Amino acid sequence: MIRNALIALTTGALLVSASSLPAMAAGKTIAVSWKTFQEERWKTDAAAIKAVVEAAGDKYIDSDAQGSAQKQAADIEGLIAQKPDVIMVVAFDSDAILPSIAAISNAGIKSIAYDVQFEDPNALYITFDNVGVGRIMAKEILKAKPAGNYAFIKGDKGDPNATFLFQGQMEVLKEAMDSGKVKNVCETFTDGWKPDNAQKNMEQCLTSTGNKVDAVLSENDGMASGVVAALTAQGLAGTVPVSGQDGDLAAINRVAMGTQTVSVWKNSVELGKTAAAAAIALANGTAADKIPGVAMFDGGKKKVKMNSILLAPTPITIANIGDAIAAGHITKDQACAGVKGDVMGCK
Amino acid sequence: MAKHHDANSEPARSREGLLKQFFNATEIDTRILGMIVALLLVWCIFDVWSGYIRPNEGLFGGSFLTPRNLWTLLVQTSSIAVMSTGMVLLIVLRQIDLSVGSMLSLVAVATGVLQVYQLGPALGVGHPAIWILGVLACLTLGTAIGAFNGFLTAYAKIPAFIVTLGGLIAYSGVAFLLARGETVAPMDQNFGIFGGGIASSWLGPFWSWVLAAVGCAAIVRGIVNGRRQRQRFGFPLRPVWAEVFLAAIGSLATLGTTWVMNSYPWPPGVIEKYAKSNSIAIPPGIENRDGKAICMAATQVVHCNEGLIYYTGFSLPALIAIAVCMIMTFIATRTAFGRYIYATGGNPEAAELAGINTRALTVKAFALMGFLVGVSSIISSARLNAATNALGLTNELYVIAATVIGGTSLAGGVGTIYGAMVGALMMQSIISGMSLLNLPAAYQNMVVGGVLVLAVYLDQLYRRRVN
Amino acid sequence: MAEVKTPLIEMRDISIAFGGIKAVDRASVDLYPGEVVGLLGHNGAGKSTLIKVLSGAYKRDEGQILINGSEVTINNPRDAKALGIETIYQTLALADNVDAAANLYLGRELRTRMGTLDDVAMEAETRKVMKRLNPNFRRFKEPVMKLSGGQRQSVAIARAIHFNARILIMDEPTAALGPQETAQVGELIKQLKADGIGIFLISHDLHDVFDLADRLTVMKNGRVVGSAHVKDVDHDGVLGMIIAGKVPRGATPGPGALVG
């Protein structure tokens, strides 16, 4: 979905360990093979990785495959020739990349699958816990409204993520639903994740239930804007909790205003910093399974067991908006525009 | 009203059936009548069906034929309906604009950025100049892009299909870049009146009735005037009963629609907030939102009257769509511009030989389309209270579908504005109705696509029989 | 009789080419007030193209057009109409999807004081014109595609003569008509002649031309073979010009005449 130009939000115990590790040794080389720099977000990741690597006194090199599997294979050969200690790969094609990963291992270099999984047991896989996004949404909404009628505004029917998110939500809500405390009153896919479609679906949901909707699980922030517009027209915005994800600036503003409950945010700066710290640890000889936060993961297509770090996304709620502002992800003016009353972080 | 090509002015012979005599005398467009009947049928089906799933206060016990749903339906239809009136003229002219959806995104995001990031900080949030400039920017930008499409089509002689297919792809790219894919929100507060989602965009019952009265007067006056004119030149006249019938039907439709709009009460949450911010005490009879005695729909009106109740009346977006329909019908039938569009669509060579500057005409038609996209972008972004590059996505398909369902022929030369409005209403009714039944979007797409093809098929059958 | 006056219209050395092929090659014709000039030739001889230059449908590559002795510019149909040149095309050039009045006034609609179309006035005028041209015409409210060939023809003729034309171009005006309607067109031409209107009559029917025209000009392969007064030549002589390009006695040879 929409990626914002993300800037640092300093969180997580991993990062603390990251900044303490590099003091031990320097002079290592960390290489990254990017799949493309056409998308704005990867530059954010690159900047975060480079900063951590260079702060540790190590060397950062990279290459841009420009959206081509062939170029990426050639890029990796070139990187291997420069004899780095670790190569991180953002695979353009997670199957076609496997021979290149084997070549990395054969050269005695450690590999990291960054954000995009490829199934090689020797690689360390670092990404956000995508099913977890759905869980976090449901948790936050359940916290705000432990019982009542829930509406589910799902993403596009053709996007598997829409279903994964819903699965995550259901895991959390199962108990409350089985006991009858939470009722599913509307559940619709939204063509193209379009906010205006979400708005129409929400309007029809409110019409059919006679406004008896107590909470809305919207799968992203864009659709949440449509949901909130529909609720506003019925005078319900602010009283009905609404979820979202992406950390959209407009969504954070809605969180500050109280019309949206949570925006789950996958901070790619955090991902970059964690990966860089892990790479430095690998370069210094730490075994992959000894790196803090590493667990076994076998949720891929071929169920290959891999060491992996699954980062928990950050829920932005009214309680921690101040953090997002402090981290520079959003300015105080943007976050707090039109906010009346007591909101922590807007004072 | 409008001029019907199918109408037969020759005196009806007594041999003909009573029904045929009736249609000949009233000059009612039987095609559009058929569509309206189909539309009403769809509404009834949805009401019955939704009542079966979850009983409500609709005419047949469902949720569809309630003032609330019909009110919402008009708001939901308005954006597509406005654009479809422009598409009618373009398709009649043997052109097409595939880029309207992307244009809408571009215009919405550009003016959203202007409002939120430029004017807001510069003038102070909520400054009255913001919404005025925002509206002007939407209309100007839309017209300019439309004229550009028209220029490439008419003067650079690139087929409109290609020009606007390119536009479809390119404009959405520009829209993405303008805000780097982010949602721009919230829009200016005053701008929100165009969206129908806030109390200030509701006309209220008094002014709604006033408008309805003006509308009825205009219908009667139009019929009387038309009759006088024809009398003056000694043309054949419609029988008096037919004139009276037309006036009555037109007025009844106007008053009926107004009555439905005036039966939709303000949502309780909105009343509560309004009462609180204006320090009005809520009398007994209405309880808080979680209570049960809240006026939800028409049948509870008696109960609600004990408490505090306001009715919405027409919403601004619905009024804009109705006004656009009337103005565009006027343009299509009463101005030389409209006449040239139809004549050129019927026979471009003949129009050229008759001295019509068909190139300038093409540019104007595209510019008008762009202007209407500007209007729709105002409605859409105000309604969502946000501007995003996804806002207009795939709108071109719905606009063209509404136009075609409304009887506009892709071969050019044939089509009516009010047909497209009914087409848009039909499509949105299906989408909203199925959404009300909680049927997945995939089914909605299937049915809308099927209706499109069926409508064109029935249209062809109809034309073959008439000719 | 005509020699003493200036020609109403004179086309001098007109040339026009399409994709390198000269459709009309240095053709000259003239026309005096109240005169009918027949233009004859096979299909593709260039007569229709020449006349479309005059009506503004095509733009000439070379040559001059003079009206009453002074040169004029005709770049499009609007220019031609402004100069009083009206055309009845072989295809009729009607917008089939609108009614007779809309076609009659296409491009020069009557307006109300508000600037809107005055449909009632246009219909009234159309009824008047059609009463004169084709008294049986009644279907004023229907798109012209629903009319018969003769009715459509009368709409096209009405359009050409309604706006005080000085010069009328008729391209195969009787091609689609029955004998009775053809006779009506003949009557009309005589009537227009009497009003002092100059008429170019394009036809491949010799009888028509001999019946109605005062002079005739024959074209072949884009060139003028020759011109003659109708009374100075006979059918065979004219056929010789059309088929072989041979100029008979009594006719003036043009640049396209067979030499020898």
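Residue numbering begins at 1 within each chain, and the chains themselves are lettered A, B and C in the order written.
Going forward, contacts are C-beta pairs under 8 Å (C-beta built on N, C-alpha and C of every residue); 3 or more make two chains touch, one makes a residue touch a chain.
Just so you know, these numbers come straight off a predicted model, no measurement behind them.
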Specify the chain with the shortest distance from its C-alpha centroid to the centroid of every protein C-alpha atom present. B
Most remote chain relative to chain B, going by C-alpha centroids? C
Counting in whole Å, what is the centre-to-centre distance of chain B and chain C, each centre being its mean C-alpha position? 48
When centres are defined as mean Cα positions, the distance from chain A to chain B in whole Å is 40
Between chain A and chain C, centroid-to-centroid distance (C-alpha), Å: 77
For chain A, residues that touch 2 or more chains besides their own: none
Sort out for me which residues of chain B touch chain C in the complex. 3, 5, 7-10, 229-230, 232-233, 235, 330, 333-336, 339-340, 342-347, 349-357, 413-414, 467
Per the touch rule, the chain A residues reaching chain B in their complex are 2-5, 40, 157, 186-197, 199-201, 203-205, 207-211, 221-222, 225-226, 228-230, 232-236, 239, 248-251, 253-254, 333, 337-338
Please name which positions on chain C make contact with chain B in the complex. 55, 57, 76-78, 81, 87, 89, 91-99, 102-103, 106-109, 111, 115-117, 119-121, 123-124, 127, 138-143, 146
Tell me, which parts of chain B touch chain A in their complex? 50, 54, 56, 63, 66, 68-69, 72, 76, 120-121, 125, 180-186, 195-198, 266-273, 289, 296-297, 380, 383-386, 388, 390-391, 393-394, 431-432, 435-438, 440-442, 445
